[in-house]
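Attaching a single structure in structure tokens format; questions to follow.
Letters A, B, C and D name the chains as they come in the text, with residue numbers starting at 1 for each one.
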């Protein structure tokens, strides 16, 4: 029941906002719907806590420890982003970069995007997962091109083509998966694409086919994760889209894509029985982390900067999943959570910062502390958190990942060290002069809603110091699930 | 500790304070002879001190209390050093208060205070002298330390009394390393006491001064104390040298009071006479070096000491037998 | 028995045609032609699907065949056609890499694809199993086409060709995906093309051209 | 009231020490947060919070002292927060107690001084200072108490972070921002190294508690890796050459009390970490470790001293002198490891005692001197030695107290600096007995390098004190410099008192160091021969008595003074300085900081990169400028920076902006992976 609400609210919202999106109260409506979604998700979570994993709708939908917290996270960040985007978009309108019709598109596509992601998370059907991912892509393409500027069009176009092609690969992978599953599960009852069934029989699936399938799925969904060298769309899309979109792209979409990859990895590993998929993920992860870090070094656009930082972190998470084992998986899941919280909060502040300074160029933004202490401290603390400084939660996961890597694969640690060091230098050398130094900008026309920023950071801080047992239990269970 | 040793201690200190100017005077006289000048009277230093004590002190207007107290500090440190160094007898209450390394510390204290005082008035020559003095100091100390290392290797102690006793115990031939050490010590001693070839106590050319340049602002009783302290310093160094290299005659631990004391005093007198003459000879034979040469000179001293060390470590077994 | 043998023969023929069309696409310059070829591809897909449906007697395959006919043979080509009419964009376009080289690479890709598909064909039970390699080849070739062309529209055509290849793979390997998925895919595809249509106009009004070299400003300098 | 008494009594009994310590640490945090009640006003912060913080510091020191002297068994404690399987573990043992004592003793002085120091309008708001300052204190204490890797790292990085914000409190100045950035970067990379070292230390047991690490058995290779990583990490924090570059930038940039905290206290946490890792967790295994630390330490010491001698900024000078002192401490540790690994526990204990003592002493006198520069800075707004001078007449209090610190850091008896250096030299004397050929011949040379360093330190300090406080004021505005206020004097006095106390009665310090050596090496040096004399190994070998020194000098001083007064009449005339009869003497003719550097530059030219422009002979307005730079910057850091830059440029080609190329990437990736699985 709650599950239908979780999926229903965003779709309802999409329709409503498609009609009323240009009204004055559209933003508030957007917030309300997101809130409703969050509440539904909360109910769902409560139910899972009470009754454990569940499987509904002819087994087409399911909740297990792996996706339950992602659902909660997605709904939550969806709400906070909606709250943030209310004043942000007003300011954009005030600056004349948007008009009511565009806002209508924005609001309804925002809800569609949320719905698609929740669907992707909740569905048990690999085919449906693919459809949802595609839908998410399409909606975000429209969101990225919202400003209709040359740059935003170019970014959207690249995003569309690259991810479209990628997603096509993923479809082929899915077909192969289906093909292999059909051999054992048969066509009857359409169970051959249900993850739970596949997981049950994964040991009997034809390894060679699944190997092929994994390559296509990895390349496909990996493109959306932003694994180098498939990442090229990511910085453009992050930099040119509206900031709330950058926030949800970094904070949620990448997670969902990675979630898909991991679901596939579980099946394939179970089938071919070697560590090959893990090795692939580790290699991709390291490559991505290192490349991302070096890209960071010479960024001049604040949103591109943090876009690349997302790439770097996705690399680290992927590497951790590749390591496998209870601790590394635990760390990876934790890192997914804290990264999306931190990164979205950073994008909130970065967005307002660039609004205040009237430019996204890092050398144009100065003395944020002087302009608005909340923005300044938000950006500073957020960057510190994302750079893996304790006591923030990002450090907790990096602690586990690094120590594990040091024991299991020492050869990898130098790369991680380089990635983290270069990323630190790259980001901090840009953030410091933006936050500190002399002020030079007028105040914003609308007061920014920065409560979400500090709520996110507080949660990340809490996760670094104390983790609620229920959450830890989910992580452990999910880690076991992933193996 | 027994009263007798206290008496000894007191006696030794008084002797040191008393004859230190004499020693300086003796060196001056020998030098004069060697350069066939008519020598000043042997007691000249005492006359000078007496006269200085009579004069009124002329003090720069903004001389701070640091400047005024320094002479007393200098004198104090030197007397303390004299009390520590076993020049006559070894079992002295103060002798155990510091080993040779700590003794270096005492001299360093004196040096630092003198340099600070020299900088206090803020004259060009004063601070220049202070700088040079400190430079010579930090070059000399490592060499001196290596010399002490040598002694430690021989007798397993850096406490001077133990060294002397150690000599008294083993009447072996002189260890080869000692020769190197002795030469090094001599060079350091010359440098530390502002003698030729590093500095010239008799110069009147400010630009070449080191020690004297720091005293330019002192007068009367302050000057007297400083001069006395520096002659005491020379005397102390001589005594350290004796304790390290020619400890014969010093009343060692076991020996009872009277006779050994007399012998010790006589021995000390003899050594001082010889040493003074020797110093004078060296000074008149060598020419003063340019200041930039000072590092080389002290580096040589250092290397000699290290050489001694290595020699000992290489031939160690035979020497220790 | 005889029937299914005949069907298999026909299917091979159609598959070969599909491959041929892909190569033709690689070699064609005129956008108009490419669209026609795309339509032909769709037609072949339609034929093969309905053949398989007839042979295996699967109703849902009939549906997807119908879907193909409507979407891939009629709707999409028509939309694209209208688009280039409206945009006045039926110009020649010179590929980035000259055509013989492209063909050569394509040839290598085909061999590679067959090599890859070998194990799958071995274990497939469908009568169409030998055509999986061709499906993969078509996918890779259209990928190649997207890489080598420099007009926005040609890239889209390549994209659609790739979708066709996927569809062919689905039918030939597994008698098609479950209906829900088919519908979903079709819907996505339709939406995608509409969005692309909007994009073309926006791009043109911004850059007054659909040439991709205008879209190279976002880069690390 | 009586309840309170009972409670305090209970607190003072060692078996609650850890709990009470935690309460005090929490109290610091509360104080820090308290400032936010009245963010912009100074009174609350200055007159209530900082003094209370100082009291807490004293409490910490007292507790640690009681714990050490009472010889109580280590206490452990587990707090709920932390990672799911890894709650926070805390442990109070002699080693941590010693460093807590250090932290509290020096921290009390600094806190009192800060109460009088911080002004409104200098850098960030007082409340913010207060918060960061106390978090800094608390995090250092937690670092020392932590008993598991995670808590250690959390506290460690919190320490770095809070100090970073303190350093950049005047963030409007670009140089300060740069310094802060460099500092945080080095700190973070170092922390990652430490983290990896822990990763090795846990030895596959996935237990990150130190207890588990003590138990873990590592192969020699892994043990050495862990040691090397730890040396890198802690060395970077301690400012060991060549990881020192951030130190002379960051320490001067901070407000003076913060510089004092960083130099005096934070560097010691690195020392603590090194001891914890190499002795306690890795229980010293190979003498090569000791040799490595010895070489690094000696080199850092000499390097620091030489660079301090050529500085012209008083705080940079002190920063370099910190590098020197850390070098000395590492020398002691290295020596101790060398002995311990060669099974000479007694000598090892001697060297370790020297290192610990020097850590304590450095905490005292370096804080004292940095605080003194703070007062000078407030009085004159000048940091450059070239514009100071003659302050002894304007600021007698600061001058007198700074003199104590100067003599102490110059290693002169009867002050504390001398004691530790004396012990260090003593321990060097035993190196010839090492069983390793050549090592035992080469190490004695180390002693001479040590002596050279110590003597150089004296040179440096004469320069420091002489140029700031003595001579004539080099600028006109110095004539109305004001002396430090009461609270500042109190803080300075506290630290100076500590220097004198340890110098005169070193046996007290030996007493508190003894449990530590007992814990780490199983043996201790004799704390005190008698109430007035220390003889760490054997009385006939070497002994020292600070008390006798003081008594002797003071006694002779008094006697001579009286006698001179009696014999000679004490008449004095005040006149212009004689200066060889040169009448046109001006303050500009005094020797300058550059002048003091000249002999050093002349002798150790190889260490520097010098840019010098000398005035022409016929220049009407001659100007002499010299720029000193250390070679490591160009030798190591710039190449790294350039390498990263080049790599970044190369990498950025991937993002060429061309869609076809992007598609090609994913195409090729696909093909490669396919070939891979084929």
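Everything that follows uses one rule, which is that a contact is a pair of C-beta atoms (placed from the backbone, for glycine too) under 8 Å apart; a residue touches a chain by one contact, two chains touch by 3 or more.
Quantities reported herein were computed from a predicted structural model and do not represent experimental measurements.
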**Asked** Any chains in contact with both subunit A and subunit D?
**Response** C
**Prompt:** What is the chain whose Cα centre is as far as it gets from that of subunit D?
**Reply:** C
**Request:** Looking only at C-beta pairs in contact, point me to the busier pair out of B-D and A-C.
**Result:** B-D
**Asked** Which whole number of Å gives the spacing of the CA centres of subunit B and subunit C?
**Response** 101
**Item:** Gap in Å, rounded to a whole number, between the CA centres of subunit B and subunit A
**Value:** 78
**Message:** As a quick test, compute the distance in whole Å between the mean CA positions of subunit B and subunit D.
**Reply:** 36
**Request:** Can you check how far apart subunit A and subunit C are, centre to centre, with Cα atoms defining each centre and the answer in Å?
**Result:** 31
**Message:** Please output the residue numbers of subunit D that touch at least 2 other chains, ranges allowed.
**Reply:** 652, 654-655, 659, 663, 670, 674
**Prompt:** Mind pulling the subunit A residues that touch 2 or more other chains?
**Reply:** 157-158, 161, 165, 208, 212, 295, 298
**Request:** Would you mind listing the residues of subunit C that make contact with two or more other chains?
**Result:** 116, 143, 146, 155, 215-218, 220
**Prompt:** Among the chains present, which pairs are found to touch?
**Reply:** A-C, A-D, B-D, C-D
**Fill in**
Given the complex, residues on subunit C that touch subunit A span 116, 119-120, 123-125, 136, 139, 143, 146, 152, 155, 159, 162-163, 166, 169-170, 173-175, 177-178, 180-181, 184-185, 187-188, 191-192, 195-196, 199, 202-203, 206-207, 214-218, 220
**Prompt:** In the complex formed with subunit D, which residues of subunit B make contact?
**Reply:** 53-54, 56-62, 64, 66, 69, 72-73, 75-77, 79-80, 83, 94, 96-99, 101-102, 105-106, 108-109, 111-112, 115-116, 119-128, 130-132, 134-135, 137-146, 149, 152-153, 156-159, 162, 206, 216-217, 219-221, 224-225, 292, 295, 302, 306, 309-310, 313
**Asked** In their complex, what parts of subunit D are in touch with subunit C?
**Response** 652-660, 663-664, 667, 670-671, 674, 678
**Asked** Of all residues in subunit C, which touch subunit D in the complex?
**Response** 96, 112, 115-116, 143-144, 146-150, 155, 212, 215-220
**Prompt:** Which residues of subunit A touch subunit C in their complex?
**Reply:** 125, 127-128, 130-131, 134-135, 138, 141-142, 145, 148-151, 153-158, 160-161, 164-165, 168, 171-172, 174-176, 178-179, 182-183, 187, 190, 193, 206, 208-209, 212, 236, 239-240, 295, 298
